[in-house]
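Please go over the structures that come below.
Look at the two complexes coming up: subunit A is in both, with subunit B in one and subunit C in the other.
Up next is the complex of A and B:
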């Protein structure tokens, strides 16, 4: 058998930390940040029947982080009786978005075509964003399941971004930037975002300038949003594992540096 | 001729889209929509076709040579299976297409992505050293950010999150803004060079 190397012990340690903390019944006390509260207050302030366009701009790989974020948003929107239009600008987001909308809609007894619709995937995201600013029915003549746009009662009278309250991009990459650059800059549609934690610094300048109205980020953002809507989900469940992993990485950095300085000292000696 | 025609088409459409962006007449909007809804999608369909044919050719050749044969066969089967499932049974809620997507593709991709955590842990142990002043500043910022995105309740000092937020909203955002402006100016000049035919490397084929 191949001998275990230093890095293998690091891997085993991490796996153990994550598994053990996921099994613990303890849930950390989450304090919602101002950013998450801003998004929550905005959705809360929308009158019943307002239309939100939710764009699933992510790939399947980031689902463990994106799913709690998206579900928290969908649950809140459905509980407020808002009308939701789902689309995907990346192919893999298509199946994921459809599944998540159905899951949340079932919990709130929402019916397809009247309370929510899923228009599916449109290739060439820049073209799709620009095209929807001109005409949504011409960009998506059919929904994900092949039903004609004008056969879906909820979509009556929805022509372009002027008929939407907001576009919310659920993203794990830089696609929200295109919503800002083309949707907001050209058509003045309000853009908000639920994004993976790794993208936070990318969107900070847009958030600070108001080009992104509100942003909820990462597993922590999901846990905060779950707390605000009063529904537990996988965000809060995953926070303990995330925290323990962060602590583990910090510990590795400290040990690594101690070894480094020790070796440096010996070298001098 | 083989290079002149694509160059001309690119330049003309570049100028057209640029001009249409600023026009507000109905005719301008109709033309804009035609390009976005039809032309773009036709180009995309052909690009996709080229990609699929190329994928099949590369993998078939590799299967013949016996290089990574099982993986190549699985890739090809996957490419064939998904369209067959979609066309045969649809893509709706309980379709086999969505079942395969949810139960094969999603877990596989999430697993591969999750491996990053192990590499991050290993790299932080072996490479994240305070070798110099800039490296130490980077290291401290990383530690602050990690702590601020954790939830330690009363165990964490109260000043950590405000300090991490200061790093995020000041040095980090300034650097990000500079990068964004740089990208914007770079995109602008590259686009102009392509439209005006100065930049020709995208045509391929050397000089």
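Up next is the complex of A and C:
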């Protein structure tokens, strides 16, 4: 067997930190940020029956981070009896988005076609966003399951963005930017985002300028949202692990630097 | 236990095995991911797009105007032969022309004008206090722009302002990198949670 190298010990340490903290029953106190509260307050303020378009703009690989975010949003929206339309602008997110909507809908006894629908995937996201601004039924003549648009009772009277309260992009990449550039700028539809933490700095300028109404980001955002809606989920469960991993990485950086400077000193000597 | 959970758990472990070293189990899981992704993409594209938006309306619904995009799409296949490859330039030209026409005003509006407008904020708040956040944004933007001004040598005042710009850039890169690390950790936490709860049933 190949001898373990330095990096293997770092990985083993990291694995131990995650596993041990995930097994511990302790949950750290979470204080929701202003951005998360803004999103929560907005969904809370919507009257029953308002229609949200949730765009699953992510790939399957980011599911572990996206799932807690999306489930927190879906649970809140279903608990408020809002009508949800799901779409996907990336093919890999199509099945994931549908699965998440079904999972949350089951918990709230929501029925397909009346309380929520899933329209599926459209390629060429710019064309898809622009096309929906003109006509959603022409962009999606059928839903994901192959049922005609006009056969789904929930979609009666929904023609374009004017009939929606908000578009919420659940994204792991830069697709939310296109919602801002084409959906918000051209059709003035309100755009909000639930995004992976890696995209926060990309979307912060849009949030500051008001082009994105509200943003919830990363596992921490999911934990904050779960706290606001009073439902425990993966976000809250992962917070202790994430904090511990951050401390572990900081410790490794300090140790690495100490070793580096010590070796440098020895080299001079 | 659900067979899907068993397969997902074993494949997660197979991918994690790369942390030790490259091995056939990892290669198999990686190839499976690529294969399944491509297959899934083809099925989704066919069923959700080509059939629903093109073939059904064209051949069943009689929407003959769809012959134009259909014909342009067919021309793309011209690339398979050197004799017909020039034909593919027509749909590419349509794509680039229409794409640029749509994108340029949208980007100017959303990325440039709206962002410029958001940069210029009142330096005093309504209650008379200094708007520190607005000031930092303004100074940051001006210093960073100075760093990318290459028509004059970065010396004297311009040099000092440009140097400050590099600090703003470094802070941005550091923050972005930190968030990316955080994001990857969240992914790891998600998979470990899956392994511990769904696969191994060690937690609820």
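To be clear about the criterion, the second predicted complex is superposed on the first by the 269 of 269 C-alpha atoms of A that agree within 3 Å, B and C clash if a C-alpha of one lies under 4 Å from a C-alpha of the other, contacts with A are read in each partner's own complex, and residues count from 1 in each chain.
Methods note: a residue touches a chain if its C-beta (ideal position, glycine included) is under 8 Å from a C-beta of that chain, and two chains touch if they have at least 3 such contacts.
The model shown is predicted, which means the values in this text are computed figures rather than measured ones.
When the shared chain is aligned, subunit B and subunit C each come close enough to touch A:11. Of the two partner chains placed by superposition, only subunit B is touched by A:99; subunit C is not.
Of the two partner chains placed by the overlay, only subunit C lies in contact with A:184; subunit B stays clear of it.
Using the contact criterion defined above for the overlaid structures, shared-chain residue A:210 touches subunit C, although it does not reach subunit B. When the two complexes are overlaid on their common chain A, residue A:258 makes contact with neither subunit B nor subunit C. Once the two complexes are overlaid on the shared chain, A:238 sits against subunit C while remaining clear of subunit B.
Contacts of A:20 after superposition: neither subunit B nor subunit C is touched.
Of the two partner chains, both subunit B and subunit C are touched by A:249.
Contact with subunit C, but none with subunit B, is seen for A:196 once the two complexes are overlaid on the shared chain.
Common to the subunit B and subunit C interfaces on subunit A are residues 11, 14-15, 18, 60-64, 92, 95, 123, 130, 144, 146, 186, 197, 200-201, 205, 208, 218, 220, 242, 245-246, 249. Note for the complex: subunit A touches subunit B at residues 6-7, 10-11, 13-15, 18, 28-30, 59-64, 92, 95-96, 98-99, 102, 123-124, 127, 130-131, 134-135, 138-139, 144-146, 186, 197, 200-202, 204-205, 208, 218, 220, 223, 239-240, 242-243, 245-250, 252-253, 255-257, 260. Interface residues of subunit A facing subunit C in the complex, by the touch rule stated above, are 2, 8, 11, 14-15, 18-19, 22-23, 60-65, 67-68, 91-92, 94-95, 120-123, 126, 130, 140-142, 144, 146, 180-182, 184-186, 196-201, 205, 208-211, 218-220, 234, 237-238, 241-242, 245-246, 249. Residues 19-21, 37, 40-41, 44-45, 47-49, 52-53, 56-57, 99, 102-103, 106-107, 109-111, 114-115, 117-118, 137, 172, 175-176, 179-194, 196, 202-203 of subunit C are the ones that touch subunit A when the two sit in their complex. Residues 21, 29, 32-33, 36-37, 40-41, 44, 48, 90-93, 97-98, 101-102, 105-106, 109-110, 112-114, 117-118, 120-122, 124-131, 139, 142-143, 146-147, 149-153, 168-169, 172-173, 176-177, 180 of subunit B are the ones that touch subunit A when the two sit in their complex.
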